[in-house]
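Order as written gives the chain letters A, B, C, D, E, F, G, H, I and J; numbering starts at 1 within each chain.
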Amino acid sequence: MLYCVEMQVNIPASLDASRVEEIKAAEKAKAIEIQKSGKWPHLWRVVGKYSNISIFDVESNDELHQLLSSLPLFPYMTIQVTPLARHPSAI
Amino acid sequence: MLYCVEMQVNIPASLDASRVEEIKAAEKAKAIEIQKSGKWPHLWRVVGKYSNISIFDVESNDELHQLLSSLPLFPYMTIQVTPLARHPSAI
Amino acid sequence: MLYCVEMQVNIPASLDASRVEEIKAAEKAKAIEIQKSGKWPHLWRVVGKYSNISIFDVESNDELHQLLSSLPLFPYMTIQVTPLARHPSAI
Amino acid sequence: MLYCVEMQVNIPASLDASRVEEIKAAEKAKAIEIQKSGKWPHLWRVVGKYSNISIFDVESNDELHQLLSSLPLFPYMTIQVTPLARHPSAI
Amino acid sequence: MLYCVEMQVNIPASLDASRVEEIKAAEKAKAIEIQKSGKWPHLWRVVGKYSNISIFDVESNDELHQLLSSLPLFPYMTIQVTPLARHPSAI
Amino acid sequence: MLYCVEMQVNIPASLDASRVEEIKAAEKAKAIEIQKSGKWPHLWRVVGKYSNISIFDVESNDELHQLLSSLPLFPYMTIQVTPLARHPSAI
Amino acid sequence: MLYCVEMQVNIPASLDASRVEEIKAAEKAKAIEIQKSGKWPHLWRVVGKYSNISIFDVESNDELHQLLSSLPLFPYMTIQVTPLARHPSAI
Amino acid sequence: MLYCVEMQVNIPASLDASRVEEIKAAEKAKAIEIQKSGKWPHLWRVVGKYSNISIFDVESNDELHQLLSSLPLFPYMTIQVTPLARHPSAI
Amino acid sequence: MLYCVEMQVNIPASLDASRVEEIKAAEKAKAIEIQKSGKWPHLWRVVGKYSNISIFDVESNDELHQLLSSLPLFPYMTIQVTPLARHPSAI
Amino acid sequence: MLYCVEMQVNIPASLDASRVEEIKAAEKAKAIEIQKSGKWPHLWRVVGKYSNISIFDVESNDELHQLLSSLPLFPYMTIQVTPLARHPSAI
């Protein structure tokens, strides 16, 4: 079951620079782990923004929320989730 | 080169029903043709809307506009184009 | 799997009054049929609007879109779908 | 009398981490207490957000405000209240 | 129980002028009737708009929706309802 | 001359807690003083928000601004002012 | 007492062209009449739009609404009214 | 003096197809004429939309409005004008 | 050449109070100086806001930007600039 | 391939003043370097804002993102990217 997920990162200026680097490294590791599981088949950078547009392929709404909230950057992201269905003209 | 494209269809109520069916059939044929060319690799329905979220893979901005404006439903769609780049954490 | 669905009805002024009544009657019948199936457990009127807030309980995004697009008023509604997950503080 | 309530939590980055944990624990306890009273029959997590969509069942606007403002996270939430009425097609 | 209600009137240009006059006369009669009942204690014109800001005093959400949807202009209005509570600094 | 005024309070997290209490107490005293003068005939809490909807009855735009900017919470409020006129259907 | 008023004209495409010309001529005459009275001291065109930004100088909210609603284009305008006060740095 | 101008075309569905073609041909001729005068140095299509982003180089606000309102599509366009100044880092 | 300029002041809570007073005093002096030059013919307070609506009369876009960015509060203001033209019905 | 890029700068008040000056100097140097490469043919200041409207001429979405994210002010900017195509009426 597919979802389009747009994640916009807003790290507060007050956060310590080394802490930010730690979180980003952990985020990258986690993102790679989820992609390898097959549940995050597409991850693209939005040009000009600290944002991504992603496609997730999961079993349920609960599984999607569990994955998204496991991301180390989750507390600093505004996330928009759009459920997708099969399109009648898709080949 | 990838773009995320969201197309929302708004057919005016004044359009003749048989004309609408003609346009929709032509749209479907054109959508299939572009998908077969490899330039429209993903086409999903947005749940609950007469909208789609699509990924296009084209050579240039001009090619993308030429493809989108060739769609029979183009005059009746509000289209949002988001240029995508490679994400540093994508595998 | 639960979704919060807000449907706002906008019937164009150009639609024939008797046709509108037909569609509304068909909508009511369809809404009752889906509710009886257990897939539409809650349906509330938004005060002051020709809108409803509903909870759907379905197997997948595809099933939800199939149900929503089967509604006779679907062409005249703006629908907002919010996927829901279990809340950690829910009892 | 039913209301749909959407609560979005925005805890400022300047708040002390242990204070945040205290508030969250108190919030959870209070949420469970109100649910047990029957006045908060539904509480769902919005997928991808630190938000919930809830249904409250109270005697009056005043009672709803008293409940919401008693939540420990109240100062850190943006809350949207939608009054609900019986829908003519609800079974 | 009080609610602030903002009603914005948008009569479609396609509606027949004499039909519009009929609806407006019926609206005025109905508005006066509800005011006399004590359930619509304040009705003000918004300067520069075909809108009003009103205060309703009713027993329940259902009663408010029943009153608003009984207005002859209801199909042509966009209505925003804000539930009100007692303010701790009100005298 | 009447105005509908919506005041939304946003106290920055950085403000000292005891200073906040001082300001709130001064705000309450000032709000009561203005109400007693007859120039602030209605003050309601918006359910679920740290906001109010108020009606002011003043001689001029200048007097209204003088009253609003005299409120101790003025620097921390977003205020929306809507001028009101007599409604032709008001009784 | 001053108000900034922004008027945006939206004449529906269905209106008869000669009727539109009549309304525009009547609007111009009325606008000149009100300006001559001294109550509409400034009237500017917004570049690129069928809109104006105006300053009105009137005795009350009621007088302003009476003037605005007397304009022949009133039914086809979206009007935004901003009450103005004396600025402490104005000379 | 430079301005960034975004023009979005919305031709109403009720307009006669041959009349639309006439207007578009006249628009093209007028756009070419203004470009040749040097006052419209850049004209680009926005990908996926019936819109353009343009740069105008004129003597005054009045000249810009006179040019824009002389366009045959002017009654069917929503135009956004942004005045530009020299950037301190421009070479 | 005229422009309508709306300036909304948002001084961050972290700024030192005496520094704020200094900036405000400098702002007032600068505002009076520009008004005396004839380039800022109107300056009004927006009722209920720390905002002004102003009319500037300058030679060019560049001159307007130079004036606005010379204001001591410039770093703390959100400014909206609307170019104005002569209105055909203005007397 | 052309893109219209609007960059709005929002430097947090908490950033050290000398650090801000360093970043601005580095930004200016980088902006001049990219302009000299021919990939940033136009750079304009938006009147009244700490924003620019720019035209970029690059080979791909990836190159554009690489250029924008190399700007020293990138972490403090909100950037809007609009892909442009050739306009059929452009000369």
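Heads up, the rule we're going with is that a residue touches a chain if its C-beta (ideal position, glycine included) is under 8 Å from a C-beta of that chain, and two chains touch if they have at least 3 such contacts.
The chain lineup, named per UniProt: A, B, C, D, E, F, G, H, I, J = Muconolactone Delta-isomerase.
Worth saying up front: this structure is predicted, and the values here are computed from it rather than measured.
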| item | value |
| --- | --- |
| Number of steps on the shortest touching-chain route linking chain G (Muconolactone Delta-isomerase) and chain J (Muconolactone Delta-isomerase) | 2 |
| Any chain that touches chain H (Muconolactone Delta-isomerase) and chain B (Muconolactone Delta-isomerase) | J |
| Longest centre-to-centre distance from chain C (Muconolactone Delta-isomerase), chain (CA-based) | I |
| Over-half contact-pair match to B-H, picked out of the listed pairs B-J, D-E or C-E | C-E |
| Gap in Å, rounded to a whole number, between the CA centres of chain F (Muconolactone Delta-isomerase) and chain A (Muconolactone Delta-isomerase) | 42 |
| Distance between chain centroids, defined by C-alpha means - chain E (Muconolactone Delta-isomerase), chain I (Muconolactone Delta-isomerase) (Å) | 39 |
| Chain F (Muconolactone Delta-isomerase) and chain I (Muconolactone Delta-isomerase): spacing of chain centres that average the CA atoms, whole Å | 26 |
| For chain J (Muconolactone Delta-isomerase), residues that touch 2 or more chains besides their own | 2, 14, 45, 47, 61, 64-65, 81, 83-86 |
| Touching pairs among all chains present in the structure | A-B, A-C, A-D, A-J, B-C, B-H, B-J, C-D, C-E, D-E, D-F, E-F, E-G, F-G, F-I, G-H, G-I, H-I, H-J, I-J |
| Residues of chain I (Muconolactone Delta-isomerase) touching chain J (Muconolactone Delta-isomerase) in the complex | 5, 12, 14-15, 61, 64-65, 68-69, 75, 79-81 |
| Contacting residues of chain G (Muconolactone Delta-isomerase) [partner chain F (Muconolactone Delta-isomerase), same complex] | 1-3, 60-62, 64-66, 81, 83-86 |
| Touching residues on chain G (Muconolactone Delta-isomerase), where the partner in the complex is chain H (Muconolactone Delta-isomerase) | 13-14, 45, 47-50 |
| In the complex, chain I (Muconolactone Delta-isomerase) residues that touch chain G (Muconolactone Delta-isomerase) | 2, 4, 27-28, 31-32, 35-36, 42-47, 52-53, 55, 82-91 |
